[in-house]
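Heads up, the next two complexes both have chain A, just with different partners, chain B and then chain C.
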Partner chain A sequence: MTRVTTETPQRRRKMSQQAIAPWLFLLPASLFFATYVLYPIIQSFYISLFEWNGLYSLQYRGVEGTGFTDLQCLELGNRAGREDGCELTGDTLWNADYVGMENYRTLYTDPFFWTSLKNNVKWLLLYLLAIPAGLFIALFLNQKIAGMRLYKSLFFFPFVLSQVVVGLVFSWFFLPGADDGLLNVLLGKFGIGPFNILGHNSTATYGIIAAGLWPQTAYCMILYLTGLNAVDPEQIEAARLDGAKGPKMLWYVVLPQLWPATFIAIVVTVIGALRSFDLITIMTNGGPGFYNTSVLAFYMYDVALSEFGFRMGYGSAIAVILFLIMMVYIAGFLWKMWRDEKV
Partner chain B sequence: MFPRPIQHYPRASQIGYQVMVPIVLLLWLIPLLAVMWFSIKPGEDFTQGNYWNWPENGFSGVQNYWMVFAESDMPRYLWNSVVITVPTMIGAVALSCMTGFALGVYRFKGNLLIFFMFVAGNFVPFQILMVPVRDLTDQMGLYDTRLGLILFHIAFQTGFCTLFMRNFIRALPRELIEAARVEGVSEYRIFWYVVLPLMRPAIAALCVLIFTFVWNDFFWAVVLTQSPESQPVTAGITSFNAQFRAMYHLMSAGSIVAAIPPVAMFFLMQKHFIAGLTLGAVK
Partner chain C sequence: MRSIFKTSAAALAAATMLSGAAYADGHGVSGPLRIFSDMSNPAPRAVMEGMVARFTEANPGVEVELVITDREAWKTQIRNVLQSGTADIVNWYAGNRMGPYVEAGLFMEVSELWETGGLTETLASTLGAMTMDDGIWGVPYTYYQWGVYYREDIFAELGLEAPATWEQELANCEVIVASGRACYTIGTQFLWTAGGWFDYLNMRTNGYDFHMSLTAGEVEWTDPRVRATFDNWATLVNMGGFIADHQSYSWQEALPFMVNGEAAAYLMGNFAVAPLREAGLTDDQLGFYQFPQIDPAIEPGEDAPTDTFHIAANAENVEAAEAFLLFVASAENQTLINNGDNLGQLPVNAGSAVDDDEFLNAGFEMLSNNAGGGIAQFFDRDAPAEMAQVAMQGFQQFMVDPSTLDQVLEILEGARQRIY
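Moving on to the complex of A and B:
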């Protein structure tokens, strides 16, 4: 009996410790994450309803006895600085005008927005080529020969480079002169070209996507190599005994087992496609012409921090659209995770 | 094994395969080889339009690389990248060890919801954060400082790290934790002495990944910094290129220098790097 009575309070303390501990462990990261990620998402939605140049103005108030009221000084805005009847309060005012859905209406009639959106679709569709290409290289390399480890890492290597370096590397590779860029030098040997890939409206976006596919294919390749490593050898042997081989074996026996790898490849490729910003900035800076290679991510940045005055509200509206597109994929991903958790 | 091992094929095919792999590899890396070629050519070759022929007065070798270090802000940019990347790596991994532990070990209401918040946050487009984060950084007086970038990166990378850590801890044997609890070990000590030592491989993998992600970041570098005092090398290289416009030998040497740290990290820690990237690719 006595043992039980001494144990109960201790046990209770233990239980409450177990109830509190997770929250304490979550606290620091949650504060960071809420401040820098979750709350800004809400703020962006809010800012997209305003016209804002990114600035704050000094706040003035009326000086008693001069006939100026606080409201009058407020309405004078920055000109209040020239009136003796107004003085600084020490606070600043958010220099934004509420415009409601106006930014979204402007987007609807903005041709550059539609060009960017169209380019986003091109990116999304063509970027997915990284998946079959990665699978193809993985199948090619899934052998045991001397030096294979090194070959595999060298094939994977482009993924480790920053997109900035990839962009520079490819813009030099695509240099337009017949004797300048290596691509044109090589094509010249076959009597083709030269092409100014990044200089023409019709080809520039494809040139940038090709550059993006280089590291992305490497990533998909490594996913599939890992996946192939875990394919059940007994199933393969059994299928082989049944006479399956080549493409049939791949389609009916191997690919279903590679589904987890394919799923991750789809997720990272879609997100990579929608995030494309670095390559465009480095390779064409949105050109040739006005925003011909722009995508939403690029257009948003260029509008919000434009050289001709910041348009934070309009930029936020573009960001909201991009966010909603991405949200479709995020929701799909979370839904699958949730389903897997249940099992 | 699929495809069928090459050793089961006739000798001729085996040799053919062994010859083909390096050739395909060379084709795959051609754009990079071109840049390496540029980076060791003397500058006068480019002014004379001799891009691809053998240089008349020999290669300049390391001289271009020396110029990059001696005549530009490149060393400063590289140092800024180190100062930004290393604290971010430590901060994000430390925070996510705790979140991963909380979400992976305890069952409580809202666990999955919080976890999904971190996961979803990690996938959002940067642009939806850009205006508020830039404003917040400015308000804190951290615009154009390395600390401003570090704080943001820690917060953002915590999302991915939490996904990683939580799934890793989930896979650990629960009996260990239960046994420690029965012994009356406090929750804090369970974290520090039981779980943390087991997380070493996950910590190593995350460190390499975060190092590479943050080192290679370009978007936030141009949004939150603008001067050589604080810009990391990815953003700095654009001003570097403006300084050496059309001097391809220096620009390409600069790009190679900028790429070396993550590449070195990858080759040194390859196993961890790939284990981290392919998490979830195998059931």
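Moving on to the complex of A and C:
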């Protein structure tokens, strides 16, 4: 009897400790995630239902004894600050009009939105070229030669540069004059050109993607280099004894073992393509003409936050669409992680 | 209107304490004064710091806290600064660019200050540009003319005179193009330079009043009069009047074409003179003329963008802020800050003296005596922000390929119907 009564509470306490501990460890991360990721996402959804120029007004209240009421101060609007009977409350007013799904309807008929979406698709597809290119360079660099560390770091160098610097370097590389930009100087030696790649609607986006591929290839290369370290030498040896070499060895023996690296490379490249904003801002500023090199992220910034951007609700609607597109990839990523862990 | 997001109430407590302190010293002003300025380029920065030094010398009770922000970055940062209540005084621009802040009640109305300080007379020329919603919202400290800066030596070499009419202009341009040069350099990557061309062509083709109705959204962009403006523009574009690949250059990157003699002229604001001189052009090589007349029946309108100071509506030290605005607006201060050693621009105050500089004199003369149509701010300051953005993209598109005019005008008209 006594044993029973002394043992049960102890066990219960132990169990509850074990049950609470993981939640306690998760708590700080969850708090930050909720504040800086979840809340803004929900807020974007909410704001996208409004028409709002991004500005809050100041709130005034009537000073007692002057005969002014809060309502009168509100009606004075932008003159209330000049009225002694009205004083600042320290709060702000949110001047937004509820428009329901109107922003999304406008998006549907907005040609610039579709231009941006089309460019996003171009980015997504062409950016994936960074993966085979990174693999190729990684295979090439995965040798034991004197000074290989130096070569590796040189190849990795573009990834260390800020995107802004990459954009500047490439916009100089593409400069239109026959003897200004390096590209046109080189082409000139073969009697071709000059071309103004960033100045024409048909080529500008591809020019920017080319600039983006430079650091992205370096990133994929690093992923593959670390992946190659994990390739099992015994399997290579066994395959060699069976007579596998060249492309067959790569395809059937090496690549399957590199799958984890490939998977991460695809994920970061897709997300990198969807985030492509800095290069566009630096290299073409969305032009030439009407948003011809814009992508959704750029268009969102331009309508909501830029020098002339005062359409916060509309920008939020674009953000929501971009979020939904990203969600497809993120969901796929989570699903795969979940499946892998179950095995 | 509902209060959903809240800011700290501490600002209020601070405001009540400070206004008490400000009254301590009878008529003199005192207390901290927080100024946020966008005068970040070297010369304007020195001017701003000089003004603060002279103001504090005259008002020893005031402790100025000056924050100078990058001029481009300020165009978006002003929103946060005004709403967070961290500034008493901010820099901005006249005209419609004030619109969002006036509507949201973030600028303080200063009509009374204009009356009591006599500014309605001394600053009369910009009264219209500072007025909005029946109130006056700030004071101007400088403005500058736009016009055609040209290579006098190239014109002399080709036997050309500065044109006064559109026919002379086109005839000149033909000669310049035949000599293997472009008539005009321009860099439209950041769009606004094309806005200057549209302003002038439209004000010369249709007049200042029409231009103002258009930027106010009262006229359709598909109107035949707008088309007439673009037709004139197309004539220049199609004859090779502008340098190639202008869509890839900023306005600074377009300067070397004029310095190297690959282009003969530049339609630009007076701020282009300093870099052109620094690049080695002497005043003998560099000339200025007013944008030529197109329709003789039309009085010329001019662009003269005005830069301004405003009091934030949630300013904590309004008395000192008003004193600073009066100080900025004074004839003496404006003469000093706009002279050739400082900003090198035109003072707004009618009592100020213009520094003895070839281009400042030409600009002052032009704006005082030869701008009968009226004085515009600039396309992106006269039109609402959204309209300015999309229209200037259209101008660039049109300059790259004039055959897309119909499509451009349709997009602009669609934008007009949505925005206004």
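Assume the second predicted complex is superposed on the first by the 271 of 343 C-alpha atoms of A that agree within 3 Å, B and C clash if a C-alpha of one lies under 4 Å from a C-alpha of the other, contacts with A are read in each partner's own complex, and residues count from 1 in each chain.
One rule holds in what follows: a contact is a pair of C-beta atoms (placed from the backbone, for glycine too) under 8 Å apart; a residue touches a chain by one contact, two chains touch by 3 or more.
Given the structure is predicted, the values throughout are model-derived calculations rather than measurements.
Applying the stated contact rule after C-alpha superposition, one finds that A:284 touches chain C and leaves chain B untouched.
In the superposition on chain A, contact of A:74 is made with chain C only, not with chain B. Residue contacts after overlaying the shared chain place A:317 against neither chain B nor chain C.
Look at A:305: by the touch rule set out above, it reaches both chain B and chain C.
Ranked by how many residues of chain A each touches, chain B and chain C are led by B. By the document's definition of touching, neither partner reaches A:107: not chain B, not chain C. Contact with chain C, but none with chain B, is seen for A:55 once the two complexes are overlaid on the shared chain. Contacts of A:38 after superposition: chain B is touched, whereas chain C is not reached. Of the two partner chains placed around the shared chain by superposition, chain C is the only one that A:93 touches, whereas chain B remains out of contact. According to the touch criterion, the shared surface of chain A, contacted by chain B in one complex and chain C in the other, consists of residues 54, 175, 177, 305.
Residues of chain A that touch chain C in their complex: 53-59, 74, 77-82, 87-95, 106, 111, 171, 175-177, 196, 198-200, 284-285, 287-291, 302, 305-311.
Residues of chain C that touch chain A in their complex: 1-13, 15-16, 72, 75-76, 79, 82-83, 100-109, 112, 133, 135, 189-191, 244-245, 247-248, 313-314, 380, 385-386, 388-390, 393-394, 396-397, 400, 404, 411, 418.
Looking at the complex, you find that chain B touches chain A at residues 1-7, 14, 17-18, 21-22, 24-25, 28-32, 34-35, 38, 49, 51-52, 95-96, 98-99, 101-103, 105-106, 108, 111-112, 114, 116-121, 123-133, 135-136, 151-152, 154-156, 158-159, 162, 181, 184, 186-188, 191, 212, 215-219, 222-223, 234, 237-238, 241, 248, 251-252, 255, 258-259, 262-263, 265-267, 270, 274, 277-278, 280-283. Within the complex, the chain A residues that touch chain B are 10, 14, 17-19, 21-23, 25-26, 28-30, 32-33, 35-41, 43-44, 47, 54, 139-146, 148, 151, 153-158, 160-165, 168-170, 172-173, 175, 177, 179-180, 182, 185, 214, 219, 222-223, 226-231, 233, 236, 245, 249-250, 253-254, 260-261, 264, 271, 274-275, 277-278, 281-282, 296-297, 300-301, 304-305, 312, 315-316, 318-320, 322-323, 326, 329-330, 333-334, 337-338, 341.
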